[in-house]
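Could you have a look at this structure, given as structure tokens, before my questions?
Chain lettering (A, B, C and D) follows the sequence in which the chains are written, and residue indices restart at 1 in each chain.
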Amino acid sequence: MNIRIFVTGGTFDKEYNEITGQLYFKDSHLQEMLELGRCRVAVDIRTLMMVDSLEISDLDRELIAEHCNKAEENKIIITHGTDTITETASLLAQKVSDKTIVVTGAMIPYKFGSSDGLFNLGSALAFVQTLPSGVYVAMNGQCFSSGTVRKNKLTGEFEELRD
Amino acid sequence: MNIRIFVTGGTFDKEYNEITGQLYFKDSHLQEMLELGRCRVAVDIRTLMMVDSLEISDLDRELIAEHCNKAEENKIIITHGTDTITETASLLAQKVSDKTIVVTGAMIPYKFGSSDGLFNLGSALAFVQTLPSGVYVAMNGQCFSSGTVRKNKLTGEFEELRD
Amino acid sequence: MNIRIFVTGGTFDKEYNEITGQLYFKDSHLQEMLELGRCRVAVDIRTLMMVDSLEISDLDRELIAEHCNKAEENKIIITHGTDTITETASLLAQKVSDKTIVVTGAMIPYKFGSSDGLFNLGSALAFVQTLPSGVYVAMNGQCFSSGTVRKNKLTGEFEELRD
Amino acid sequence: MNIRIFVTGGTFDKEYNEITGQLYFKDSHLQEMLELGRCRVAVDIRTLMMVDSLEISDLDRELIAEHCNKAEENKIIITHGTDTITETASLLAQKVSDKTIVVTGAMIPYKFGSSDGLFNLGSALAFVQTLPSGVYVAMNGQCFSSGTVRKNKLTGEFEELRD
């Protein structure tokens, strides 16, 4: 069974616009990244949106959930900006069942030499193949069940929520 | 519980010697790669040898198995050249039990821009955290149980053995 | 005789802030770039400011000119944002004489894999060693005398002014 | 007037063969490097050979000289392995006149992240535009007249010959 990747944008895909000097979104780099990783797992990529995750609305999240539900695949990776990645994971946990969904992102754009993106994508592909049904956030080698994690806005790290 | 990484060399760590024009081994790049991946999982790295996997002898394999058995950690990643990666995995499967061991490598040295190493390391770290006890070979998004895989020397791909 | 490099910031030195997701200036990458180029020419680097060239005021330009005049070296490279690089070159041409000054920049930050920075720095170092006294703008293989060039804001290219 | 680039191979263009684990030559990276540098100078590239410079024979050198003489352009860059770069420069100095020829190379292949190639190419393009007729070796920011330079095989550096 193939793995489905849904692209929503986020730091992963930010590029530098050499005319304006601003960061922006053009095309997704996911295909290029899978080729760099010489990925031998069958993967279908579909871009749902190309935005900063601060701009993802609740309606957008509903749309992502709908795509997950409609997908033939049971194993789904979603690339997403890190700022609201946990919100999207929580909504997916409510709306989608019987699928393994791994939401991942990057701290540094893939096009920067110092990006963690390729590492995170490799992890996400492994987690999605091995974990039971559920929604997970995978970042920087770690994997959290949806609802048990938050992003520390000061350090940029993802931390386990403790009661 | 920490994850242990044993380094044995292989394509992962090959560098270009600018005096001789040859590829050679100097230091391992694993620490640098984990930093690039902003890895938040506790990992201890130990270099056992720095060689091309064609030069790994049966005695070397016994040594690697001994290190796996003696390690406090139950989750172990081994970086290894791809040419004899399946031989080492097979011996480890005989000699080590009750541990999850993921042997991984790279098709292209990390120091080349086009390396798959960071992707493979990300995958290996995810596989080792999620798979049950056993010995596995993880390459390019795929993960095989020891004894079920061979490297196709013509294409460079890892393939499942079929009876 | 050594070559002096004055750093003023610009695209060359922009970095990605992984906490805020914004581009910003931290340290100059000039030393690192010279090491990457294995530069064997004696060079002294001094950072005068670290700003986007749209924020460089006339007073800042006077300051840069003063540093050029006071420098012991007769061969000076200035790294500068491209948006106002020609303004700075023009002021330097008025204020500094008997020195070869090459002002250079980059269309893409050095820290992006796709940067033209290393290429431009290599050119600037060659131009400054070979050209007679005067102020020049060197970008993307070309070199223009101050006052004969403008940046085309639509294409990002530097063009010769024609009467 | 355009600049002509003749490619002869050398470290510049070495690639890693992921099947054999050896370095080899496939295609030249010069076009890709000029694009990375966003080179705005008109350049024509022609590959004469793709070899390690230790394999360049006297006959090959005669061939290179003939191409330089026949070229319409007066400004010529030759990319060359560093081991025998000074021998080729010396022969060119005997056989070609009234042209500016800059022979350049790299200590580390372009495809390695740590390559000096882009820096050297930027320099070579600047030197060839500014220097008078003659044959030069340009490496790592320096430029030597043919016959005044040797490669120090121990350090990899190019040094001025002193009588």
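We take it that a contact is a pair of C-beta atoms (placed from the backbone, for glycine too) under 8 Å apart; a residue touches a chain by one contact, two chains touch by 3 or more.
Everything quoted here is computed from the prediction, not taken from an experiment.
Q: Starting at chain B, how many touching-chain steps does it take at least to reach chain D?
A: The least step count works out to 1.
Q: For chain D, which other chain has the most distant CA centre?
A: Using the mean of the C-alpha atoms as each chain's centre, the farthest one from chain D is A.
Q: Call it same or different for chain A and chain B: same when shared residue numbers make up over half of all numbers used at their interface.
A: Same, since most residue numbers here occur in both copies.
Q: So how far apart, in whole Å, are chain A and chain B when each is placed at the average of its C-alpha atoms?
A: The answer is 26 Å.
Q: With chain centres defined as C-alpha means, what is the inter-centre distance between chain A and chain D in Å?
A: 44
Q: Chain A: which residues touch two or more other chains?
A: Each of 107, 113-114 in chain A touches at least two other chains.
Q: Can you check the complex and tell me which residues of chain D touch chain C?
A: 33-34, 36-41, 107, 114-116, 118-127, 129-131, 138-143, 157-158
Q: Quick one: which bits of chain D touch chain B in the complex? Just the residue numbers, please.
A: 11, 14, 16, 18-19, 21, 23, 52, 83, 107-109, 111-114, 153-156
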